[in-house]
C-alpha cells in the first residue's frame, strides 16, 4: 500500500520528478560509462604488458631480472621443462627464450636494442610477435640469419627488408660477440617503444652468436585463465628451488601495470562516490520539498492514526522509485554507450605520443567489469536511501496540530 | 544595499534548509574542482620542470632531422656562432652545448649499450640539474678529459664504482670507429629509470676528439627564467640563427617539440579531467535545478502581485535571476575558500600517494605531490561551475516570461 | 471629467469546453475623485471588471478608456507601465512582498518608478504615518496583523499619487471592526489626496462607505445608487 502511494506521489509533480531523475540518470550513466572506459584503459595495459613477452608467469635463473646478463642464464632448461610438464594445467603453453641487451648497427646508425632468441612455433602461441609481422615473414625454426625488427626501429635505422643488421653483445666468456643478420620481417606493435626495443632471432641463432649451449634466459608461461597465476606460480616454486630459480607472476613482472591497476581501482570508486555526492544534494532537496508541501497531508494521516514508521516507509518508497527509475534508464544509457563503442572504440591516435608516454593504447575500448556495475548501482541505491532518511524522519515528526495549521 | 539585492538575499533565506543544501552542492563542486585542477596543474609543472631540467632545456638549436634520427652526422657545425647569437638575447639565462652518440660501454665484466653525451661541465651545471644529481663521487670539471659520470642503475649493471675504467666503443661523425677508455668520476641518480640506466656523461672537448666531431655539437641548449619566456626566446633565436646559418640546416625546437610525449599526455590528462568535471557539474546542475524551479513556482502569486503593481516581466526576471546568481556566487565563493584552504594545506604538506612511487617516477614525479594553487587552477573550475549553474538558473526564470498577472494571482 | 470610461465591455472565459460569460456588455463612467463600490455576489463579474479597468486582463470586446488612454489596445509592457504610474492595487490577500518590511514594501513601487532613494524614504514614511502605521516601519508582513497589512497595501497603492486605486474586496479577510477602520482610512485618503477609489465588495458595511454604488449582476450593471 505504501509502495502504491509512493509511486503515485512522485507523479504529483512530474516536472520535479523528471528533473531529479535526470540527475540520477546522468550520474549513473557517468558511473557506468566512464567506469568502463577506465577499465578499458587498464585492461588493455595489462593485455599489452602480458603479450609483450611477459606471459602470466616467468621463470628465470635467480638474479637475472636485476642483472640481465648472459651468465645469469638458466643452465639446465630441461629441469624447468620437466617441472612444467608435471605442474602446468593441460592447456597452458610455455616457451623458452634467450634474451640479451645488445647494440644494433648498420652502415649509418647504431643504437641499443634487446635481442630476443625465440622458438618460433611456441612463441607464436604466447606473445604478440606471432601475429605482428606486417612485412616479410615470421621466423622459421632453424633459420640462423633472419632477424625481425620493429617498424619504428627500421625507420630510425633507415633500413628495410632484406638489408643487413649487425648485432653486438657480450658472450658467455665476456668477449664482444657480433653477428650480422638479414632483416626478414618487420613487425608492428601497440606501443612504439616495443617496436624500438625488441629484435627477434631464433634461439639457435642467438645461442650460436653468444656461444651458449642449450641455456635459456627465461621461460614464459601463458595460462588459459590468468586468475590461476598465483596458484600455478606457487606450485612451481615448490618444485624449482629458490636458490637457483625466480618464479614470478605478471603482477611482479609488470610493477608499473600493477600500480596503474591499483590507482584505477581506487579512482573508479572515488568517481562513483563523487558523482553520488553531487546528486545526493539534489535527492535530499527534492524529497524535502515534496515532504514539506504535503505537511498538511502528513498531519492528516497522523491524525487518522498513522504510525510515524509508516510515514518513513512511504517517503522512502518515493525515494526508492525515483532512484530505481533513474538507475534503470542510467544503466540502459550506459550500456548503450558502451555497446556503441565496442567495435570502434575511442580513437586517440591524434595524441599518440602522449598515449605512448602514458603507456596507453591508441584506441580505447570500454570494458565492463560486473563488480563495477554492481558497485555503482549499490552506491546509488543504498546511499540514496540513506540520505532520504533525513526528509523521511522530518515527515514522520510533524505533529498533527502543527501540520494542519501550516499553510 | 539596494532593495532589490536585499530582496534577493532575504528570498534565499526564506527556505534556509533548501538554500543551504543547494549552496552546499555548489560548494562541493567548486571545492573539488579547485583542488583537482590545482593538483593536476601542480603535477604538470613538476613534470615539465623536471624534464626540462634533466633533458631538454627550454629551447634547442639542432640540425634538421636530428631529433628523430639521432644521427651522429647531423650536427650544429659551429656552436660558437650560435653562442654569439645567444649572448644578444637577454631572456636566455644560461646555455650549453651537448653532443651524443650511442656507444657500447664495457666494464671488466659487463657490456651495455648507452647514450654517451659530451657536456660542457660548467655551462651544463647552470642549465640542467645533472650536477646536483651526482650522489657519489664528483661532478666533472673543466680540466677533466677521460672522466665520466654514470647513471646509478647503469653503474649497477656494469658493476662499476668510482675510479673504475670503462671502455667506450662507438661510431665517429665521419663513420670511423671511435674508442676510448674513461674513468668513472661520479654516479648520478635522477629517479627516472630510463635515464639512470642508459646514460653516460663525459667532457665535451674530449668527446669531440674521440668522435671526430671537428668542433661540432648536436644540441645547443638554452634556458630562460621561466616557461613564459620560451616563445620569445624561440623567435629571437630563430631570427639570429637564420642570419648566420646560410644553408638553412639548423632548426629551433622548444621543449614541447622536443618532448611531444609529455605535452600530449598533459593534454590527454587535462581533457579527460575536464570531461569528467563537466559531467559532474551537469549532475550538480540537475540536482539544483529543482531548487531554482521551486523557488519560482511556489511564489507565482507573489509574482502576480508584483506584476499587478507595475513590475514588468523583464524586471521580474532580472530580480529572480539575481536571486539564483546570488546563491551560485555564495556557493562558489565558499567553494573557493574551502577548496583553496584544503589545497593550500596539501601544498604545504604534500600528498603521499603510497604504492605509486614507481609509477610516478616514470613521469618524473616525486612520491609526495604538491598541488599548486594558482589563478588559473582556481578560475578554470570556478568558471565551469559558474557557467553551467547560471545556464541552469536561466531556464526557470524564462518560465516567468509567459506569466500574466491575473493567472499568476489565482494560481495555487 | 470621466477618468474611467467603459463601453460595452465583454469578457468570455473558456473553461474546457464551457464558455463563461463574465461580462456581457458593461457600460460605466467614473469621475475623478470618486469613491465607488462595485457590489454584487461572487461570480457576478466585479473582480473581472476591476482587473480589466486596471489593465491586468484584456476584454474580448468593447473599449476601456483610462484618463483618455484606450487601454485594451496596449501591449503588456505598456500596461505594466500604466499600472506602475497611474493605478494603485489593493487585493484581498497576499498583497505584500513577504521578504520586505512595511516601509520597503511602500518604497518598492517608487523604486520601480526610479524615484531617488532619499525622496522614496521621505514619501514612504509620510504615507505610512498617514495610514496610522508610525510604529511599524521595520516590520515584515508576517509580523503585521491583517488590518495592518491592508493599510500598508493602501499606503503602497497611493504613495505615488495614482489616478485611481482599485481594491478587490479589501476587507474580505478582515473582521468587521478592522474592516471598518480600513474603510475609514481609505475614505480619508480619498478626500485628503483626491484619489479615485474603486472597490469591489459584497459586504453591506463596505457599501455604506461608498459615495456611489454600482450593482453588478450576471456580468451587467444592474443598478446604480449615488
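To keep things simple, chains are lettered A, B and C as they appear, and every chain counts its residues starting from 1.
Everything below uses one rule, namely that a residue touches a chain if its C-beta (ideal position, glycine included) is under 8 Å from a C-beta of that chain, and two chains touch if they have at least 3 such contacts.
All figures in this text were calculated on a predicted structure; none of them were measured in a lab.
Participant: Per-chain C-alpha centres versus the global one: which chain is nearest?
Facilitator: B
Participant: Tell me, please, which chain's centre (mean of its C-alpha atoms) is farthest from the centre of subunit A?
Facilitator: C
Participant: Approximately how many whole Å separate the CA-defined centres of subunit B and subunit C?
Facilitator: Each chain reduced to its C-alpha mean, subunit B and subunit C end up 67 Å apart.
Participant: Using Cα averages as centroids, what's the distance between subunit A and subunit C in whole Å?
Facilitator: 73
Participant: At what distance in angstrom does the C-alpha mean of subunit B lie from that of subunit A?
Facilitator: Each chain reduced to its C-alpha mean, subunit A and subunit B end up 26 Å apart.
Participant: Of all residues in subunit B, which touch subunit C in the complex?
Facilitator: 2-4, 6-7, 10-11, 14, 301-302, 305-315, 404-406, 409
Participant: Sort out for me which residues of subunit C touch subunit B in the complex.
Facilitator: 51, 54, 56-57, 76-77, 80-85, 87-89, 91, 94-100, 104, 107-109, 111-113, 156-157
Participant: Per the contact definition, I'd like the list of subunit B residues that touch subunit A in the complex.
Facilitator: 17-18, 21-22, 24-25, 28-29, 32, 68-71, 102, 104, 106, 109-114, 156-157, 169-171, 175, 198, 260-269, 276, 279-284, 286-291, 293-294, 298, 355-356, 358-359, 362-363
Participant: Enumerate the contact residues on subunit A facing subunit B in the complex.
Facilitator: Residue positions touching the partner: 15-16, 19-20, 22-23, 26-27, 30, 34, 67, 69, 101-103, 105, 107-113, 156, 158, 168-170, 174, 176, 255-256, 259-260, 262-263, 271, 274-275, 277-286, 288-289, 293, 348, 351-358, 360.
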